[in-house]
Each structure stands twice: as structure tokens, then as C-alpha cells.
Amino acid sequence: MKLKNFVHYCKEAAQGVLRNGWMTVASVTVMVLTLLMLGIFVIINLNVMQITEEIKEQVELIVYLEDEADHQYLRQQILELPGIARLTYVSKEEALRRMQEELGEDIADALEGRNPLPASFEIQVHDPETIGEVADAIEPMAGVESVDYGKKVVERLFEFTRILRLFSMGVIAVLAVMALFLIANTIKLTVFARRRQIGIMKFVGATDWFIRWPFILEGIFLGLLGALTAYLVLFYGYWYLYAKASAWFYQNFLSVKLATPALVGRELLKLLFALGAGIGALGSGISVRRFLDV
Amino acid sequence: MISFINVSYAYPNGTSALHNVSFHIDKGEFVFLVGPSGAGKSSVLKLIFREIVANSGQVLVLQRNLCRLRRKEIPYLRRQIGVVYQDFRLLPEKTAAENVAFALEVIEASSSEIKRQVPRVLGIVGLKGKEDRFPHQLSGGEQQRVAMARALVNNPPLLVCDEPTGNLDPNTSWQIMCLLERINQLGTTVLIATHDKEIVNRMGRRVLELNNGVLVRDDHKGAYTHEA
Amino acid sequence: MISFINVSYAYPNGTSALHNVSFHIDKGEFVFLVGPSGAGKSSVLKLIFREIVANSGQVLVLQRNLCRLRRKEIPYLRRQIGVVYQDFRLLPEKTAAENVAFALEVIEASSSEIKRQVPRVLGIVGLKGKEDRFPHQLSGGEQQRVAMARALVNNPPLLVCDEPTGNLDPNTSWQIMCLLERINQLGTTVLIATHDKEIVNRMGRRVLELNNGVLVRDDHKGAYTHEA
Amino acid sequence: MKLKNFVHYCKEAAQGVLRNGWMTVASVTVMVLTLLMLGIFVIINLNVMQITEEIKEQVELIVYLEDEADHQYLRQQILELPGIARLTYVSKEEALRRMQEELGEDIADALEGRNPLPASFEIQVHDPETIGEVADAIEPMAGVESVDYGKKVVERLFEFTRILRLFSMGVIAVLAVMALFLIANTIKLTVFARRRQIGIMKFVGATDWFIRWPFILEGIFLGLLGALTAYLVLFYGYWYLYAKASAWFYQNFLSVKLATPALVGRELLKLLFALGAGIGALGSGISVRRFLDV
């Protein structure tokens, strides 16, 4: 494509956009709305990803110690294992205090000063999925009475979050494909409205690509315009909501944080612009083809 | 320049438009194509600029066999044929000047060339001052003259006009005809499908007459009707 | 039937099309409107069927003052005027028969009436056998005759034709003119904008001549040119 | 509208659909995709509604009894309160057994046969939101030591589910409006492609409504076709997924049930057809208007 032609194509594309003002508005609107719908899903999806990840992070491994164990030495041993993120020691006294808090003074009275509860380590690992392996490595250590991480509950939680993530990704994929076809079909309609003109250009001796390029550029432009609009609405909308809601959410829901606007912005940017401009260009290029055969 | 050899054509819906038409037009000729409405004049022209392809027989135009022309070559054929379409076929979203310029843009003429040529031809057909009007802002005859300007602008070796004066008054028609004759004298082959009896008679050029898809007359120095 | 009183009109882009035009056409008259391309003939007709509204002056058609006509009444005006448009204005998605039938459907004619009238008028304009073709499957002249058929089909009291023979050969043109004359004799007022010198001269009817938007001649029993 | 005219309008609408086949396909595709996107959200929303409701149902009120209380009498008294759904008696022995199970034999040994735990009632109410009122009504009764329903946790849960529901409804509302504009704009484009024809009809003497009705009927038809397609895809898709996933979901996620296909089907039916046909008709009718002024 020579520079001169490129200038011509841009000029033609600009004419197409401006002189079909009404149609341009309608098709950009469709594009914006489609990308907004998709974007809303993407935001929800990103938050599902983030929240499930954070919930998983909160999974804990509890190591109960024998009364006579050397907890200093054991701590060192455990910290040498790979992937340990945090380790807290809970003494027998602390354990009793906690039980009293939970069950009331009656129990403590009934125990009459004895303390049957073991001391323990509370451990968090870097990759929650490896918690089972870490537990297996700790169990045989000397001074360890038992290891507990709610195997069944944790496995279920992992299974559940896995399914939730898969589902969420699946929905996004399906929606992205839908958005793709939606935009392509809209572009089709705008090309359809100008099918006669495409024929006339052919009759004046224009080659297929000479006709196609302006439509492709127009498609890219409409796509970018649609993507930009959708991006701005979604990004600033999310930003606003995040500022309002994230603190409340953190307090009220298991200390989980929402996806940050920065992350959401980055992901939306990639997806919306790729979809908008890509489908705009492809949709135009392919739709024009149908009317080139004269 | 143009050879039809036993050409027959039927439209996809089955309407037979041309039967076994044969004729030959040399470089530099000036030919009228006449015949009643629906005789097949436009079909002959459509075969020449390859809107349609003959069902049987051979169509040779500008040293090309159109029955064997590859799809890719069609635009290059059309660039060498200036066509005034019966239904004008102006681009509705482009002004008169832009419509004419488009014919130069497709052959990648320089923009200085475009700037010079477009006002010149629009002036020749009498549309000075109406360059920036859109087709729907022009009268029927003005649109027809824009189509004429577009056909002329890149000096094609072959000029094909379908009813080019159907919407023009006798004076303007005659001016256009004189213009076509001048162009013809500069070497351009001209083929005109027309109903304008007076013009055909006055010009006294070669006349091909179609009737019901059959070539019934080929008169050098002919008139609109056989008897005349 | 039609009165123009000091009518002036300029298109929205500023092009002044008519200056101070005044004339009167009585019921039952047969009038030609002539003038060079761009003179304003189509603009006069557009004022009559209210595609455009005069900027100043009065346009009276069929006892209505079109400058004061309410939007709702426009369709009822148009139903009483059969129009052959210069650019045909056929519905591209409808066949020839359906295009003609549409003019009857809007006045809610019975379907038996439609079934009888449509083939009859299509036959009169010489399109028997082409009822089921779409406009793009017809030749230029055939499309023009469909437009004529549509204008005639509901027997309007006023018939307005813009260049109705521009795409027709002299024979067919003459037949159409004879048809219009017959219809006129049955009481229909006929107004024809045309460039066809021969027909105007041969008919010898009233001629209105426009030039540059000004009415320059109003000749009862006139000819195309003043001198003729 | 006379019957004869109605027949004419239908004929015209059918022609519009059939003779613009390519455009019909493109616009129905847009409609189907839009409604599918919306429908997916609706399904998710219905499940969020259902699941939050069910989680709330699981909220329990625990009434601890004084050791000397007459639990038969108290049960009668409580059951006379309005809105009690289920009441289970947990004796002192049962309570001890449960604690042993949870904390191990060490504790039981340490207690040396004494039982400091109170007997209790576990109560579920019909409308979980009223649990606070029920608790307040039970507290002053004779023989009741204390009443506990995890006030703070439950309030948070209710707050959370309320916000989740509001959010979900909000998203649906926003999406429905978007879908509305999306469909309307698509219809606009199909009308735009036929703007010349509308003008021609006016020139032949057609009234506005004579031109409009076929477009409206066409819009309704396209809308219904789009809605039907989207409905079938969503309903059978959900049915299939439900059959596959609901049992797993029930087992793995807090014994919560997914929304039944019947419920989902009913809701989708209402929404999709109203949107499809309604917007189809309105969109056409309004878009045509713009080209009627000739």
C-alpha cells in the first residue's frame, strides 16, 4: 500500500464516517453497548478470580504439638520447607483463652485449672494448592502430634473455586465470541446499506482492495471509537464504584479485596480494543467482499 | 477494438436478451446503437464492460477476450472504457467533483492532475459552479452530464454511452454530441446507444440496429430508421 | 386545477430554482413544460406534488393551497396526482406488478379491482409478460413504462410526467403520447415536462417554457422552440 | 385497522423479511446474540437470588435452657410464636457428645464426668430476616438462659446477600436497557438500508401508518424469532447444565440448590419475548418515522 493510496483510503474512510452520520452513530452505539455488556462480565470475572484467589490464600494448616515438644526447633525445621508464607505459634495458654472466649467461662470452671489443649502452629503457604504436600511433610516430624487443615473442606473449597473460575472463564469466552459476531453483523448491516456504491466503484474500474481498504479503515475507526467509549465508561464507572465499595466489601466479606481499577483497566484495554478494532476491520473487510462481485 | 462473434445472452431469470449478435467496431469509429425499448442495447454495452458475460459466442474488447478474462483483470479493462450508464450510477455520498475525481483516483493519478482535470471536464459539460453538489442536488440532466464527465476524464481509448442525452434538451444534447465527435477525432472509439432520432440522423454515422435481441441492420452512414 | 402565483423557490443549499413563476392550468388541459436542463421543470412538478414547498407565492393544486396543506393531508393530495418521476422511483424490492398494485393498495382498492387493473395498465404500456420482474431486471425504457403504469392505474384527475419518454424510442414514445392524449380526452389534466422536441411539435398543445427558473413563454398551440 | 389492511400489512412485512434475506439474517443474529448475553446474566442472577435465599434459610437461632427448665412447656410456648419453621431439642447429653466429637476425648476426660453444657433448642424461622424479632420474643421466657443467633455474623450475611442481590438486579437492569438500545439500533440500521423505499411509498400517496405498520410487524416478527431462538438455546442449554451440575453443586456447596430449569424458563420467557417483540416493534416504528418526512 503506497503512502498516496493510504491518504486516499483515509480520506474515503472519513467521508464514509461523516456522510453517513446517522448510520455511524447507530453502529457505534451498537458497538459500545456490546463492549459494555462484555466489559461488565469481564469486571465480574476479574473479581471472581481475585476473590477466589484470596479466599484460597486464607486456608490454614494447623500443626498440634505434643506437650513435651521443642517448639523453637520445630519452627526452624518447618520454616526450612519450601513455600511457607507465615507461621504463628499458639501456646497452650493461648489455646485455652481462645476456647473460653468461644464457649464461655463454664467450661474453664469445669476444667478446674487443668489445661487439656495442645499448643499449635498456624501456617499459611504461598501456594494454597500445595497445602496437602506441606502437611504430609510436617506430619512425621518429631514432636508433632497431628496436622489438620480441614482436608475435606479445603479440597471442596478448591474444587468449588476451580469450577467457579472455569465457569466464569467459559462465560467470558462465550460472550466474547458473541460480541464478536454481534459487532461483525452490525458492520455487515452498515456495509449492506451501501452495497450499491460498492458496485458503482467496481464499474468505474476500482480494484477490490481499493474499495475494501476505506471500509476496513472505517471499521477500525468505528471499532476504536466504540472500544474507547466503552473503556472510558467501564473504567471510570468501576473506579467510582471501587472507591465507594471496596472498603465496605473488605470489612464485610471475609477480608477479601476487590480487583483494583488498575488491573481491571489493563484487562479491559486489551480485550476491548482488540475486539473493537479487530472485528471492525475484519467485519468490514469480509462484508464488503459479498458485494464486490460485479 | 470491439468484436462480437455470434454472441447470445440470456439473463439469469431466463429472459433471452441477445441472439447470435455479430459485429465489429474498429479503432476510431463512431457508432450508434439503436432499437426499440428492450431490444438489447444496454445488454450489448454491459457485455462490453463486462457487467455480464456472454452465454455463447465471443466478445473481444481492447484485445481482450472477455469470456476468458480473469476476475482480477476486470478493473483494468474498465479503466480503459469510459461508460455513461443509463441509470447514471453516480456515488450518492460524493459530490459531482468527487464522483469525477474517483475515476482518476482509481488509476492513481496524481492529485495535481486530479485538481486540474476535474474542473476542466465539468466545465466542458456545462456544470461549472456545481462541482460541490451531491447527485441528489442536481437536476436529471445535470446528473447525466456528471456521468459524462466521469466517463471522459481519464481519456479512455473507448467510450461507451447508454442513452447519454435521455435527460437533456436538444441544445445541450447537440453540444454533448459535438464534444463526443471532437473526442472521436482525437482517436477515441465511441459507441452510443440512443433513441434520439434527430441526433442519429444529423450525425450520419454508422448505425447498428437491434430488434428483439437480433442485429437487424449495420449501416455505415446510416439514419435512425431504415427508411429515412 | 393548478395555479402558480408569483412562486419562487430556492433549495436548502441556496440554489435558486424558480423566480416569480405564475401560470394557471385548467381542468382538462394538456400542457408541455419545456426548457433547457436545469431550468427548473422538475422543481415546478415537485411543487405540485409537494415534495418541496414554495418559499414565496402561492401554489394551488386541486383546490388545495399547498403552502397551507397540513402534513396529514399530503398523502391524500398525492393520491389524486399520478406522477411519473424523472428517476422512476420504483420500489426495488417489488416486482413491476407489485409496484403498480401499490398505488391501488394505498387507496385501499379491493383486491379484485387490483387483480383486474394491474395487468390491464401494464398491458397498455406494453409490458405484458414482464409483470413479475423486479425493476433491476427491466431495461431503462421498461422501468419508465412501469412508472407510467403506476401513475395511470388509479385514474387520477391530474397526471404529472417528468421526462416520461427520456428512455423510450420514438415509436414507443409516440404510443405513450397517444395514450396520454386519450386519457386527457377522458377528462384528466396532463402536465408533461419534456425535452422531446419532435413530440412537442407534433402534438401542438400548450407549451410553458422555463429558462433559468423564469417562465419565458406560455404558448397555446405551441412548439418546442419559440421560432418553430 | 381494518382486517383487509391487516392482511396487506402482513404481506408487506413478509416481503420485507424474505426479500431482504441477508439483512434479516444479520439483524436476527444480532438480536439473538444480544438476548443470549442478557439471558446468561438473567440465569446467573436467578441463581444468585436462589442461592442467597437458601443460604439465609440455613440461619439458626439457638436457645440455651436453664438446667431446671421445663423444655416441653417451653417448646409449646415457642411454637406458638408466628413464623417458626422448625424446632429441634438438643439435650445436655447430646451437647456434650457433640463437643467431644469436635474437640476430642481429652476434654471429656478432663471434665471427669461432669457436664457443664446447657440443653438447647435449634430453631429455624420461615423468614430469616425476622430472626432478630423471634430471638427478642423468646429471650424473656421463663427457663431461657440465653438466646444466640450469631447476631453479628447473621446481620453481615444479610447485608451481604442484600447487596449481592441489589448488585445483581442492578446489573440486569442496566443490561436490559443496553439490550434494548442495541436491538433498537440494529432495527434502525435495517430501516436505514430501506430509507429510499419509505420515501417512494410516501410519494405514491401512502399515509405514515400505512408504511409503518409493515415495519412494525416485521420488527415484531424479527423480535419474536430472535427471542424464540435465544430462549430455546438458553432453556435447553441450562437444562443440560442443570442436569449435569446441580447434584454436584448441592453436595459441594453448603447444600444449596440451583434455580430449577422451570423457574429459569419462566423468567426468560417473560423477559426475552417482551424485549424482543417490544423493542422490535418500537424500534421499527420509531426508526421509520425519521424517513417519513417527504
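We just call them A, B, C and D in the order they show up, numbering each chain from 1.
Here, a residue touches a chain if its C-beta (ideal position, glycine included) is under 8 Å from a C-beta of that chain, and two chains touch if they have at least 3 such contacts.
Note that the coordinates shown come from a computational prediction; the quantities given were computed from them, not determined experimentally.
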item	value
Common touching chains of chain C and chain B	none
Euclidean distance of C-alpha centroids - chain C vs chain D, Å	62
Centre-of-Cα separation between chain D and chain B, whole angstrom	66
Cα-centroid distance, chain A relative to chain D, in whole angstrom	24
Touch-based graph of the chains, sorted into line, ring, star, complete or other	ring
Chain pairs in mutual contact under the definition given at the outset	A-B, A-D, B-C, C-D
Complex interface listing, chain D residues touching chain A	22-23, 26-27, 29-30, 33-34, 36-38, 40-41, 44, 106-107, 109-111, 114, 116-117, 156, 159-160, 171, 174-175, 178-179, 181-182, 185-186, 188-190, 192-193, 252-253, 290
Touching residues on chain C, where the partner in the complex is chain D	49, 51, 72, 74-79, 83, 85, 89-94, 102-103, 105-108, 111, 150
Chain A - residues contacting chain B, complex	2, 4-5, 8, 15-16, 19-20, 194, 197, 200-208, 210, 294
Chain B residues touching chain C - in the complex, by the definition given at the top	11, 13, 15, 34-38, 41-42, 86-87, 133, 137, 139-142, 145, 162-163, 166-173, 195, 197-198, 224
